[in-house]
Amino acid sequence: MTDVLLSATNITRRFRGLTAIDQVSLSLARGTVHAVIGTNGAGKSTLVSVLAGELAPNEGSIFLHRQEVTSWPQPRRARAGLGRSYQRTTIFPTLTVHENCRIAAQANHQAFWNWATPASKCKASNEAADHAISLAGLESDSAQIAGLLSHGRKRQLEIAMSLATRPSVLLLDEPLAGMGSEETDRMLGLLASLKAEHAILLIEHDMDAVFRVADEITVMVNGRVIAHGEPQAIRDNPEVQTAYLGDGE
Amino acid sequence: MDPVIFLIQCLNAVQYGLLLFLVASGLTLIFGIMGIINLAHGSFYMIGAYMAFALQPMVAQYAGGGFLVTVLLCLLLATLLGYFLEWAFFSFLYRRDHLQQVLMTYGLILVFEELRSLVVGNDVHGVSPPDWLAGSVALGDVMTYPVYRLFISIVCLVVAGLLYWVLARTRLGMMIRAGASNREMISSLGIDINRLYRIVFAIGVALAALAGAIAAPVSSVYPGMGNSILIICFVVVVIGGIGSIKGAFVAAMLVGFVDTFGQVFFPSVAGVMVYVLMAGILLFRPEGLFKQG
Amino acid sequence: MQATLRFFCMAGLLGLIALFPLIATDYYISLAIKIMIFSIFALSLQLLVGGTGLVSLGHAAFFGIAAYATTLLSPESGAGNLLWLLPVAMLCALAYALITGALALRTRGVYFIMVTLAFSQMAYYVFHDTDVGGGSDGIYLYFRPELRLGENVLLNIDSPYSFFLFTLGCLLLVWAFLAMLMRSRFGAALTGIRVNEQRMRSAGYSTFNYKLVAYGIAGALAGISGLLYAAKDGFVNPELLAWEQSGLVLLMVILGGSGRLWGAVLGAAGLTLLQEAFQSQALFGDWSAHWHLTFGLCIIALVALMPNGLIGIRAQWRNRRRAYAPLAVSRSEP
């Protein structure tokens, strides 16, 4: 019995005459990694933005935990359990790794009007930050200034910050960007370990990684879904081969 | 409201709006192309007006020329001033963030004001329009309308038309439009960026100074005129959308009408009406009516 | 050990400052009070610029509105009561901040700068063109307010020394409040919003609410400095809301250094002293009449040469001396 945490139906988004995504539907179930692949400009990042709530769709609807969230702004969806990581690293470079995660974790314990208690004393945020850091394997760097980390560790921190809010759905936009093989292995190991509790959407260009970790794959070309299914089926799909894989990867 | 009075107010609104457009278009062009927010833009308006006032007797004495010659001379001097200022000062602002630009041009305003004070003093001056434009046109049986105000509107419309023609039909205009939507691209296309920026800046300064010069007979020449028009121009640019000439035109006309008719219907709070308009537009379109790029 | 040493140094410095009026002439006491008033003003803007990343060019509106509220609500025949006058003046500034902030915060970047300027200009026109506040001539506050509970006068600040101490007390309270605020979760969220608002939203922060409340607090705190200004010389005029005033306080924040709270105090002191210097005949002779020129050139030079303000000078110099600068990450930013 699959537990569908996020589903999107017939999402369409236009920008001044250009249709970036056209009637795209997909669903994310707990315990699966759903990869979305496609050529450059296929609309993958736009799709993530729409799912996350940064952009409003022109048509279609989005359901999170079986609740319609199409009109919900991004912060509200985030508080309901939707986490997101960015293609371009968006960590806070002058803060430590722990402080980065704590600020993210604090979103669930905001205490908007409590101006007296220092942020560093918030036990719940600290614990959530510690938990996220250990999940991402960054314990040794916990007190390190984030801006001084290596690129791979920065990407790990990016994921850790998304985990700090204890989301149930994770939208990961090219987490492996710019990583070497060792770092990629570590990241894939992390994704595999996260799978059990979360529903993960993975946008990636690294085909080997995708086939190693994905449970289902959706292929997008020019804003439309041209194929969807298990990795082997996708690999064997002739349309996908001509449109994407066949162009030498 | 009496239809003739209504017509008069409309003409006033159009004239004010067109003047605003002249100044605001320079501001939005400079910001759209070069990314510089220039607080001192109002000072160019003030400089144009004071130049017209100061040069008029000299032009009459040495060249036997009248009003038109004075205005053309102001235009020429302003263009040269703009060209020089871009090279000497504003070209250093490109790398700075908006905050530093704001503060440095704020200092520039102080410098301009004081220089003007040293050169021509702080007095308020009335400037009379030339004789051939000093008459009035009859509207209906009783009312008349000053010919000079119509002259202002006509000049502004001609300049607006010229601006449109340059932007839409010439190579320079094409480069400018390309620059407005994608600044990084034009330099990679092999166009001499520095000269393009200098020309655009000079155009902006010239537009503002021209507006000041021809507005002088109507609004008189006084020290604070640059600052008051600057802020209204900011409102115009916010309403119209930064970088959009079309937006500046529409917004300037809107502001012209709201301000003019605001003074008629709500004289005690007239100065506030424009800001109420801005607040209203912000409620629905926080990025202006015609946002660029 | 470090902490106790710092504490005693601070306390000692404070004590010295508190004793300053005993050795100074009235002119210097007045100058010191002016510096402290503008320090409060600059600190309130620092919350927006350095704390939240909001560059406002209309902050003088809250300063002036509170100053006018103080003057208009004070009785003509006797001293007003600070017990309600201070909260009400702050409330007026707060109200204007929340109303205009709700609209202005819908914009970003350059638009925000222009819109805040426009809203302060709107307030300027209300006081300049209408009869609300005596028009362009301004109005007088005849009696400095005092703190009364019922019939008892708890605090009388008529003498220069007592007013000095009162202003110093206000400055310390505002400073302490802001330090506490920035250290709280609310302040940490503001810091995050300044660095990367998008990231904060994706974590679940409704960033608009944070910015609006910060804008309101900044306005209310500016209101305190407005009341003090009105009480100091007993005269308020519309120029208090003029954009030159907004530009000046923004300069104070930036030239002091927007990374730390005390940068605002440093900037306020520096700029006030600079203005006094340029206007002084003793230093500049005939040029003192045209001090706008020298002051303007000085501003341009300072912003050009010290983009990180006085506070950033040490780091700037250090960075220049390094032949190879690794990722220039400085811990001076909160």
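Labels A, B and C are assigned to the chains in the order they are written; within every chain, residues are numbered from 1.
Assume a contact is a pair of C-beta atoms (placed from the backbone, for glycine too) under 8 Å apart; a residue touches a chain by one contact, two chains touch by 3 or more.
Bear in mind that the values here come from a model prediction, so they are computed numbers and not experimental data.
J.: So what shape is it, when you link every pair of chains that touch: line, ring, star, complete or other?
T.: line
J.: Find the chain most remote from chain B, comparing centres computed as mean CA coordinates.
T.: Taking each chain's C-alpha mean as its centre, the farthest from chain B is A.
J.: Could you state the distance in Å from the CA-based centre of chain A to that of chain C?
T.: Here chain A and chain C have centroids separated by 42 Å.
J.: Express in whole angstrom the distance between the two chain centres, defined as the mean CA positions of chain B and chain C.
T.: 33
J.: Quick one: chain A and chain B, Cα centre-to-centre, how many Å?
T.: 49
J.: Which parts of chain A, given as residue numbers and ranges, touch two or more other chains?
T.: Residue numbers touching two or more other chains: none in chain A.
J.: Would you please write down the residue numbers of chain B that are in contact with two or more other chains?
T.: none
J.: Write out the stretch or stretches of chain B touching chain C in their complex.
T.: The touching residues are 31, 37, 39, 92, 96, 98-100, 102-104, 106-111, 113-115, 117-118, 227, 231, 234-235, 237-238, 242, 268-272, 275-276, 278-279, 282-283, 286-288.
J.: Can you list the chain C residues touching chain B in their complex?
T.: Counting only chain C, the residues touching chain B are 49, 55, 57, 100, 103-104, 106-107, 109-111, 113-115, 117-119, 121-122, 125-126, 128-130, 243, 247, 250-251, 254, 290, 292-293, 295-300, 303-304, 307.
J.: Per the contact definition, I'd like the list of chain A residues that touch chain C in the complex.
T.: Within the complex, chain A touches chain C at residues 52, 54, 73-76, 78-79, 83-84, 86, 90, 92-94, 103-104, 106-120, 122, 125, 145, 147-148, 161-162, 164-165.
J.: Spell out the part of chain C that touches chain A in their complex, as residue ranges.
T.: Within the complex, chain C touches chain A at residues 180-181, 183-189, 191-192, 195-196, 198-207, 209-210, 213, 327, 329-331, 333.
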